[in-house]
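Think of it as A, B, C, D, E and F in the order they're written, each chain with its own count starting at 1.
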Amino acid sequence: MSRIAVFPGSFDPVTRGHEAIVRRALGMFEQVVVAIGQNTGKSYYFPLQLRQEWLSQVFARDAGVSTLVYSGLTVELCRSLGARYILRGLRTAADFEFERTIAQVNRQLAPEIETLFLLSSPEFDALNSSLVREIHRFGGDISAFVPEGLSIPPPTGQ
Amino acid sequence: MSRIAVFPGSFDPVTRGHEAIVRRALGMFEQVVVAIGQNTGKSYYFPLQLRQEWLSQVFARDAGVSTLVYSGLTVELCRSLGARYILRGLRTAADFEFERTIAQVNRQLAPEIETLFLLSSPEFDALNSSLVREIHRFGGDISAFVPEGLSIPPPTGQ
Amino acid sequence: MSRIAVFPGSFDPVTRGHEAIVRRALGMFEQVVVAIGQNTGKSYYFPLQLRQEWLSQVFARDAGVSTLVYSGLTVELCRSLGARYILRGLRTAADFEFERTIAQVNRQLAPEIETLFLLSSPEFDALNSSLVREIHRFGGDISAFVPEGLSIPPPTGQ
Amino acid sequence: MSRIAVFPGSFDPVTRGHEAIVRRALGMFEQVVVAIGQNTGKSYYFPLQLRQEWLSQVFARDAGVSTLVYSGLTVELCRSLGARYILRGLRTAADFEFERTIAQVNRQLAPEIETLFLLSSPEFDALNSSLVREIHRFGGDISAFVPEGLSIPPPTGQ
Amino acid sequence: MSRIAVFPGSFDPVTRGHEAIVRRALGMFEQVVVAIGQNTGKSYYFPLQLRQEWLSQVFARDAGVSTLVYSGLTVELCRSLGARYILRGLRTAADFEFERTIAQVNRQLAPEIETLFLLSSPEFDALNSSLVREIHRFGGDISAFVPEGLSIPPPTGQ
Amino acid sequence: MSRIAVFPGSFDPVTRGHEAIVRRALGMFEQVVVAIGQNTGKSYYFPLQLRQEWLSQVFARDAGVSTLVYSGLTVELCRSLGARYILRGLRTAADFEFERTIAQVNRQLAPEIETLFLLSSPEFDALNSSLVREIHRFGGDISAFVPEGLSIPPPTGQ
């Protein structure tokens, strides 16, 4: 049987933390689908096309990683892909509370799908996309926080 | 002396967790007032009228439960009703931190009013209104999360 | 119907935080039973007799408060007293996690008994009996942490 | 390549929460090794032989689950078994903090071994072995907390 | 060498908690710079000029405290001022998680700058600016939460 | 005026986390006193003499760091040294809750003494002495967790 995991997020932008989680999960799964959630009515900082390009570039050499864009419920995406696992990274206790609630709801909506947690590596604990956006917005250098080699646009003038 | 408790919230929508807290509180109080906070400047997902109808329907047979709409400070509502208790449900440690801050401020504003906490039942831990809204928005089935028998409108097209 | 709440603990020693919780609960219940858990195989810092005397002294003028010693399960004590409520104070998020687990187990053992939480007042947040014992052991003055008027023995020489 | 996960614990006693985690992990791994940590200098409530028998009985029909006893570092056990995964259940935010620390140390000791977390099911949130022991010690009925069909000895007289 | 600490925030409004942190820090530093972060694209409740006036008034007699307005990254402000310390108050565990993430990012951006934490006094635990704004918006009296002597405008009609 | 900070602990053993906190605090204080709490009735894993030697060795070249052994209340030690600051490291939210309680009690016992918190560096988050002891007890290599160059005795046979 095929083992597929979905790694959902908005990746606005992808961080070194995301990159590490996907790489570490690769040993466990045949396929890891990095799924960019795109919801009407939510606004994003980096344009969708750029976020897609970044993910493709980061995992270009990782056989077993694919990228896609979806909207709607994550469990519906899993079902349509035949994926039985949702993969999530945990950084802090606050993360945990939030993730637990979502995982319990997903389990009620789709009991056959399991949410699996990996711990972020401590050097990436501080890395969450919203902070990285904040630094970028103020003109700070975010290259240490995103995967190597990404080309980052300058902040749009405030 | 009359024992009245106010159970404030936006009930957007009412959940099975809310329903259980009110029922469990009924043994302790003569009256439980389910109070829908309605604030200008805040936007809600379900219209006020629907939220009111739902609450009336859920507690139709529970003598001792009444429903009302208010705006402004919860402690002022309590004073105007002669209620000495604010009732709150606790689900997670994050809830607790948030509720503690509010309860301490309320105590400073109105020392004669006590905030009482009941624990949510574990099967309802994942139930918070904002997640239920999210599922509804994406076309998911929310009937397992709200009290039985509510008629739920279809999501407005995105 | 009679409304009785049990406030269980080891009260080793009773603190100003305990005192405040019991007083605040008195408006809600006809009787608050302060129940000293005494378990073989656990050791206590202050002798049982002293802990009992302290509690009797603290609540001497509070009609509606009684004190007793018990061993075994708290829910069994409640049943034997006809008490339908267990009363607990919450200070910190760590408290909450601990209390939630115990309350859920109690609910499974005795679904008819409800655990009710009051928030400790912020000026008593730091007050837990184990810290008070520690200060006493090192010869510190604990009179600001325990109810007024208790006579405290000197620490036994280390 | 063989996928083996180690599920370490003292299982004093095994709970329904443990049982559920192992079952849910079976889809992900070819083998789940339930490993009873037995350390000199630590005392246990139920005798080792009973804890072993219970685990064997619970997983008797689950091909892919084996049970063993070990002492020493969990990462050393993993290495000797060729297991690349440590499996852990998460219940509360307090659990998470504790587990994170241990997982980070294990990662430093053995970077090739990954710790994987599953969320406990909400109905088992309150289930931790130390509470179950406490209930047993006081003569309470623990059959709802441990897997079905285990024969439980009466508490030793206090 | 000069010891300068920056105390950043939006001070919307300044609270008694802020006031206490600055006063307590004065013994440690030669200068405490209270820095009002003002970011385009974020909206504030009280106008900038009022927030500035309030801070000047509160610390008028505290030699060693100065007030300024900045936008952009806090670490850049520190560098331009020659400040080696960022000062923050901690109230709750949720605060801590949030502050830890920011402090780690700041350390990565500017390793020579240290973030120092003081604990809020328990009587100010409930005081956070967003709650104070909420009370003001609903016409409640906020004078007990802000430093003495501030003149507070009435809420703008809802 | 002299600025002295006390860094209390049992240092059983000293970790790289402790080492980093002291070094980072050196810029802020003229003297940092590393104070080994030694309490009758508590048992330690490494002998006192070894813990003292380790600390002396680690900070041998850091002018401004001294080491001493004390028993009793930390605030009493501070008073006898003329130290106005207690220095503590924070790693996790659980740490925070624990430290907050102690700091509040210390403030009540000695309002003139301030507790100051530094955040542990993320690479040391997993480092707490009790885990290091556990690894040592099981024969694991702890050299990556303690300061460089310490000579570590072999574990005493179990």
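Here is the rule we go by: a residue touches a chain if its C-beta (ideal position, glycine included) is under 8 Å from a C-beta of that chain, and two chains touch if they have at least 3 such contacts.
Nothing here was measured: the structure is a model prediction, and the numbers come from that model.
Note on connectivity: the fewest steps through touching chains from chain A to chain C is 2. Using CA-based centroids throughout, the chain positioned farthest away from chain E is D. Put simply, the chain farthest from chain B by mean CA position is F. Distance between chain centres (mean CA atoms), chain C to chain D: 33 Å.
Computed centre separation for the pair chain B/chain F is 47 angstrom, with centres defined by C-alpha atoms. Taken residue by residue, chain D touches two or more other chains at 92-94, 97, 100, 103-104, 122, 125-126, whereas all remaining positions touch fewer. All chain pairs in contact, by the document's touch criterion: A-B, A-D, A-E, A-F, B-C, B-D, B-E, C-D, C-E, C-F, D-F, E-F.
The touching residues of chain C, counted against chain F in their complex, run 92-94, 125-128, 131, 135, 137-141, 144-145, 158. Interface residues of chain F facing chain A in the complex, by the touch rule stated above, are 92-94, 122-123, 125-126. Of all residues in chain A, those touching chain D in their complex are 3, 24, 27-28, 84-85, 90, 93, 96-97, 100, 103-104, 107, 114-119, 121-122.
Residues of chain C that touch chain D in their complex: 39-41, 71-73, 76, 93-94, 97-98, 100-105, 108-109.
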